[in-house]
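In the two complexes that follow, chain A is the common piece, with chain B as its partner first and chain C second.
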Partner chain A sequence: MSNTEKSDYRGQIHQLQKEMMVEWYQKLDESATTGKPPAVSLMISGNCIELLEAFDVLPLYPEVNALQLAIRRQSLEPILVAEEMGYATDNCAYVKADIGAMVKGITPAGGKLPVAALALCNFVGCNVYTKWFEHIAEFQKSPLFMLDVPFLRTDTPSKDDVAYVVRQLHDLVKQLEQITGKKFDMDRFREAVRNSARVEELWSRIKHLSKKKPSPYDAYFDAISLMGPLYVYRANPRGVHFFEVALKEYEQMVERGQGPFEKEKFRVVLEGPPPYPFFRTFRDMFAKWGACTVASTYSTVGGLWEFGFRHDPQEPFEAIALHMIENNVTNRNYLQRYDQIRRYVEEWDADGLIIHFVKSCRLFSAGQGDMRDYFTKELGIPTLYLESDIEDPRYFSEAQIKNRMDAFFESLGHAPARTAAQLSAGKAGSGIPMVPTASPKLRVLN
Partner chain B sequence: MRETLAFDFERTFDQCATLLGDLTFPTVAAWKQEHPGGRVIGYFPVYAPSEIIHAAGMLPVALHGAGDGLELQHADARFGSFICSIVKSTLELAMTERLALMDGLLFSTICDSARNLAFVIKRNQPGMYVDFLHLPHNPNGTASHDFLASEYRRLIGHLQELSGRTISDEALRNSIAVFNENRNLLRRLYEFRRDYPERLRTWELYVLMRAGNFVPVETHNEWLRGVLEELPGRTGKRRDAIRVVIEGSFCEQPPLDLIRVMEEAGCTIADDDFILGRRWFNADVPVAGDPLMNLAESYQDRSVYSSVRHDNRNPRHKQLVEKVRQAKAQAVVFLTAKFCEPACFDYVLFKRELEAAKIPHLPLEFEEKAYTFDRFRMEVETFVESLLFE
Partner chain C sequence: MRYAAGVDVGSTQTKAVIMQADGGEKKMIASALVDTGANVQKAGENGFLAACKEAGIAPEQVGYVVGTGYGRYKIQFGNTQMTEISCHARGAHFLFPNTRTVIDMGGQDSKAISIGAEGNVLDFVMNDKCAAGTGRFLANAADVLAMPLDDMGPFSLKGKNPVKITTVCTVFVESDILSYLAQGKKAEDVLSGVNLAIARRTISLARRVPVEPAITMTGGVSRNVGMVKALEDVLGMKLQISPLAHFAGAMGAALYALEKMDQDSEAGVRDGAHGTNRGN
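What follows is the complex of A and B.
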């Protein structure tokens, strides 16, 4: 076992990704100075960026802010500022970093960030969003639009669920008309939705490429790099171009039998957000073992497309509603997440599951002990449970995490390979009656 | 059953207190015995449309954790660190068969921990009806009325399946009326306590109200009426104390002794948010007309404020200051469940608003299990003294 293996693949897309993100920050800076184009802050999970695109409004993502601060190791200072203001040590540190930075005028890229012309809270699962946006609206004096999305508490959304979201989207259109002084253009909207559908198709194909052995990329660490363009440019032709390049690049790697490591030794599924302040350190712990993530739930926060959902330009409002309600991991219920992970392990042929509990995020983490119980006891899948945080550097214990990872891969190396028959035996015994094996609406791509 | 529930003013409060700590739910068991085939629906706080459960001929039971009455043997491993007590103790109740009297469990959109709990319980209690209500967060416009009415229709569908009988509009209207009466009686008791705190202590009001979670609403109404009749004849001595509003205990409940300690340490509690779900509406839900629409509209337009209901038309921090004024209180004590994310977030804006209004406050944190209250007592005493002698 090589102890020095690192995954340093840097292709064309990484450069392109960087350029696109820098450009986005430049536009935000410009918007902060001139007020044009107006910026609207919203959440990443299941959002309606297609509507913003149709109005030429800039998306402003507090989550991306928080992520950037953490990955550049700048998150502690704003977190402490927020705790001074009264935020609890146990509140989600994403919020604390963002608000602390806002109050102190700290920005991750150094440029200015605009005041949101509208704080658009797309409440998609995470209850913290509602508080976060109330606070943004309060501190920045931005108007607040609470876009309430029914949680997916049934197998599929009902007509009433969809109608409720669509009615609110129409209200949002009126508000966007006021902010921009533009009239809503249905054709442009449809075009934006069409772009999204193309990006989703390309992204989904990329996701299915990690079924190959070796996988051409890491579906956690590399997927996170692709998430920037996915969230900022999804409804824009630039997004389409980016993902065409990305797919091609990965397909070529498949042809060459190339992956992130010289040799892929383990294939794992990863559940939970990453420890952004120690992103590189964490990645290296996988690299040391030649362990490649072949699927991850975190990369489906913005949308769950690998099981077939695409925005439908024919019914653009309904498509957005369906995306928000049903097709992103944060708005799906906990047992539906178990099922998503189970499919990953089976269909992407993984050796084990790693659950990364993050203190900040109860949406992801509350109940992960039960999840571990399900995967180890019911399905017999080797599962490792780690704890740290997505944003707060004070909760990362490097030695402990490293030891646990080493022990896990060590024992995985000795475990006899499980057969497909064993897996489905586990599945038959899983006994979760309410989890649909696949939602009837979802088509599985091959 | 009758005997246990017979009204006796002198003993009422102690009886109620005993009932709260009994995790065998004796009154619920008795109700089931008296109603063969009767169904019980437990609901996790904060709010649930009890009227609908009642109209289905079922007994709604509000769950409020397990206090200090249960060792956690299953729940800690499943929910781990950074999760409030009530989520874990409720799971423990379920996994140790203590919720076997319930035929169904209802959860709602209050927070991420409670939501995940609903589905973890669903997996671990495969035979039980476990449902999750999406209570709307966007109060602007009428879309959420229609949506919530449809959500209630979905619930009714499941309850009808469970009971095998249909729920008529007439039954719903009757139920709305009985719960309106319950809320009215509680409002009157709250007013009485606000005006004559020496004659009705908060711990008494609290146990009386909370005991209503485990008995039919009609019985509870009788108790409340009985207490209201007797109260004017009661005497009590005013003490040196400061008047406070309690904020933050809307979901997980503080140990009863903690409420007593606060009173002993010199606080007169003039208003609070204990067991908020029983007092959810600040005006009657209209009885005439479409009952589901009336319930849905009331959720949007007649609800009290709470950290788990979102109404950007009327921010909570403004309403807290208003509450302090109405209660003629001098200060706010935040009594927040440890790891309660909604309460912790709201503290930031509450604090800012209180400081601007020059209203002093004391933040305290509790867990269901607490064995000594010395630290609390000291903190409260110091706070009270600082205000009394300022």
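What follows is the complex of A and C.
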């Protein structure tokens, strides 16, 4: 069953992505030296890049810095620095890597990173981040803007919740006017939102291309490459260009019947962030089995667009509020995440689900044991549960993870083929009630 | 007559099995057990050769070898590898065809496997990054009590008032045991408490897969009668244990080897030569 296939696929899009991200780091370096353009720290989930674009402000994502350190295998040193400072072993390793790197002046690309002109904590779905951004503001002596985004508690956000976030966005505009010395330009803002809507449409089409057999790309590992431009350039014409190129490349691959592997043997859905310090090792564990990820929740951390949401240029502030409250995976509740995954398995016709538990991220990972039970026992979907960490290399045990992966694919190889129809006809509904597959909106189940 | 071998290179011991097929009838004709030690590759070879010797066949007569266990990729003379999860499932099914759940306790792993009617894996759970609830936990307890591992089972059955071992840490259990001994607790009660602590942890892990009867126990710890009793007490059910339970992984590997040999033979690709289809 096993082979030694490696995932060596590298398309035009990987090169373009690299160039754009290098350029972003160069701009950050320039900003660190000259103070221009100013940079604002913010978090990925429900990021309001459209407002920053309207002010020509650079986004500075501490999470991206942390993951870049990890993927380059440079994360342990800053983590240890943070632990020496007093951060507990159990703390979010993203926080520790970022704070440790900040204190020691370690940067993933080697250049300088600017002091944030504003620490903008849009703490969508993660309450640990409030402390992270307070610490960033404290260490860098940056002003702090705490954007309070209510957790999604109902099927759809209430009008009051939307109005509450919109009011704060207007306050944020005033703060951005202060740090940039520029007057807010509604037309530029609408233009940025229009760019985002275009990117979201292209990205969504790409997401649906992985329903094809074979999938033209891996919706976890390759999707992560696309996430950089999605968060940094979404509101910019360059983002639109990037995703036009990406869609075209993948459509051509579909026409040629080409995927990341010579032969797609398994189709899986992935839940949870990757073990960035062992990104390549982890990918090769899938490649060995010709296992292609056809959908992933991690690629919806920054925004959930494949089920229809787009920023609306006619109501740009409300669109940002809706993006933050409703349309990213981290601000939704667990049952909504279950339903998102169920749709992926059924509509993208996957053979199984792999859950990667992140040891130092209790917020994203807590409850994944129950999630595993739900998918195996209620829906009869083969599910593998793995544990390591997004950032801290000390939690990754290669032999153990490899053993589990091999056993999972061995068992899938012996299992009778499943179809979406069989899955739908399974025991769904015997425990947690499910919404119809065709429903574009996910529901909160009371 | 066709012969196939399964070699299970575990963290503590290496098990090798020779399976013979005569038409559709399959039977195990030899087994061997050696300590794994530092030279994993050598341990695999020694186990295989010892099993061949016991079977009274030359190694060349073995048509296909499947390696399993943590050292499986070091078995250079083998044809392919499979995880011990698949192999234990298959071995347990061979020993007891009514098996629906396998509880396997080895040196560093404890796992529960839910299996289908054909011995195929439906679901599995394992201990993660922690040796609590494994053979190593028992070995540490044996060290503290200065008792041979094989004596622990019968001795623990004498314990009438098991102490409460609250730690699940394989390292810290030593200090717990010392502390109880210092309080004057009887060694058998301490040991019985150790068994109960492991059993609770293992069964709580096993309940993540549907624990459906019949339940078969495999792995080296199945030889410990005290541990088996503790597991049955916590579970409230009897466990099926074969005298060959220790070899279930190697047996499953040998069964897969037979299957693979037959498939290759049918495909006319090859029949019995070594050295092909090696994984990484």
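One rule holds for everything that comes next: the second predicted complex is superposed on the first by the 423 of 446 C-alpha atoms of A that agree within 3 Å, B and C clash if a C-alpha of one lies under 4 Å from a C-alpha of the other, contacts with A are read in each partner's own complex, and residues count from 1 in each chain.
Throughout what follows, a residue touches a chain if its C-beta (ideal position, glycine included) is under 8 Å from a C-beta of that chain, and two chains touch if they have at least 3 such contacts.
The model shown is predicted, which means the values in this text are computed figures rather than measured ones.
Participant: Judging by the criteria at the top, classify the pair chain B and chain C on chain A as clash or fit.
Facilitator: Overlaying the two complexes on chain A (C-alpha atoms) leaves chain C and chain B fitting together cleanly.
Participant: In the superposed arrangement, does A:Cys92 touch chain B (first), chain C (second), both or neither?
Facilitator: Only chain B is touched by A:Cys92; chain C is not.
Participant: Touching A:Lys288, do we find chain B (first), chain C (second), both, or neither?
Facilitator: second
Participant: Treating the CA centre of chain A as the corner point, state the angle out to chain B and chain C, nearest 10°.
Facilitator: The C-alpha centres give an angle of about 80 degrees at chain A.
Participant: Please work out whether A:Asp160 is in contact with chain B alone, chain C alone, both, or neither, and reply first, second, both or neither.
Facilitator: After superposing on A, A:Asp160 lies in contact with chain B but is clear of chain C.
Participant: If we overlay the two complexes on their shared chain A, which of chain B and chain C does A:Gly369 touch? Say first, second, both or neither.
Facilitator: It touches chain B and chain C both.
Participant: Check the residue A:Lys377 against both partner chains and state whether it touches chain B (first), chain C (second), both, or neither.
Facilitator: second
Participant: Have a look at where A:Met186 lands relative to chain B and chain C in the superposition and call it first, second, both or neither.
Facilitator: neither
Participant: Applying the touch criterion given at the start, work out whether A:Tyr395 contacts chain B, chain C, both or neither, answering first, second, both or neither.
Facilitator: Only chain C; A:Tyr395 stays clear of chain B.
Participant: When the two structures are overlaid on chain A, which partner does A:Ala407 contact: first (chain B), second (chain C), both, or neither?
Facilitator: A:Ala407 sits against chain C, while chain B stays out of touch.
Participant: After the superposition, pull out the minimum Cα separation from chain B to chain C in whole angstrom, please.
Facilitator: Least C-alpha distance: 6 Å.
Participant: Under the contact rule defined above, give the chain A residues that sit at the interface with chain B and also at the interface with chain C.
Facilitator: Touching chain B and chain C on chain A: residues 369, 373, 387.
Participant: Could you list, by residue number, the parts of chain C that touch chain A in their complex?
Facilitator: It comes out as residues 70, 80-86, 120-126, 128-129, 208-210, 279-280.
Participant: Chain A touches which residues of chain B in the complex?
Facilitator: 76-83, 87, 109-113, 115-117, 119-120, 122-124, 126, 131-134, 136-141, 143-144, 146-147, 150-151, 154, 310, 312, 315, 338-339, 341-342, 344-349, 351-352
Participant: Touching chain C in the complex: which residues of chain A?
Facilitator: Chain A reaches chain C through residues 1-4, 288, 369, 372-373, 376-377, 382-383, 385, 387, 395, 397, 399-400, 403-404, 406-407, 410-411, 414-415.
Participant: Tell me, which parts of chain A touch chain B in their complex?
Facilitator: 85-88, 90-92, 95, 123, 125-128, 130-131, 134-135, 137-138, 144, 146-148, 150-151, 153-154, 158, 160-161, 163-164, 167-168, 171, 333-335, 338, 357, 359, 362-363, 365-370, 373-374, 387, 431-434
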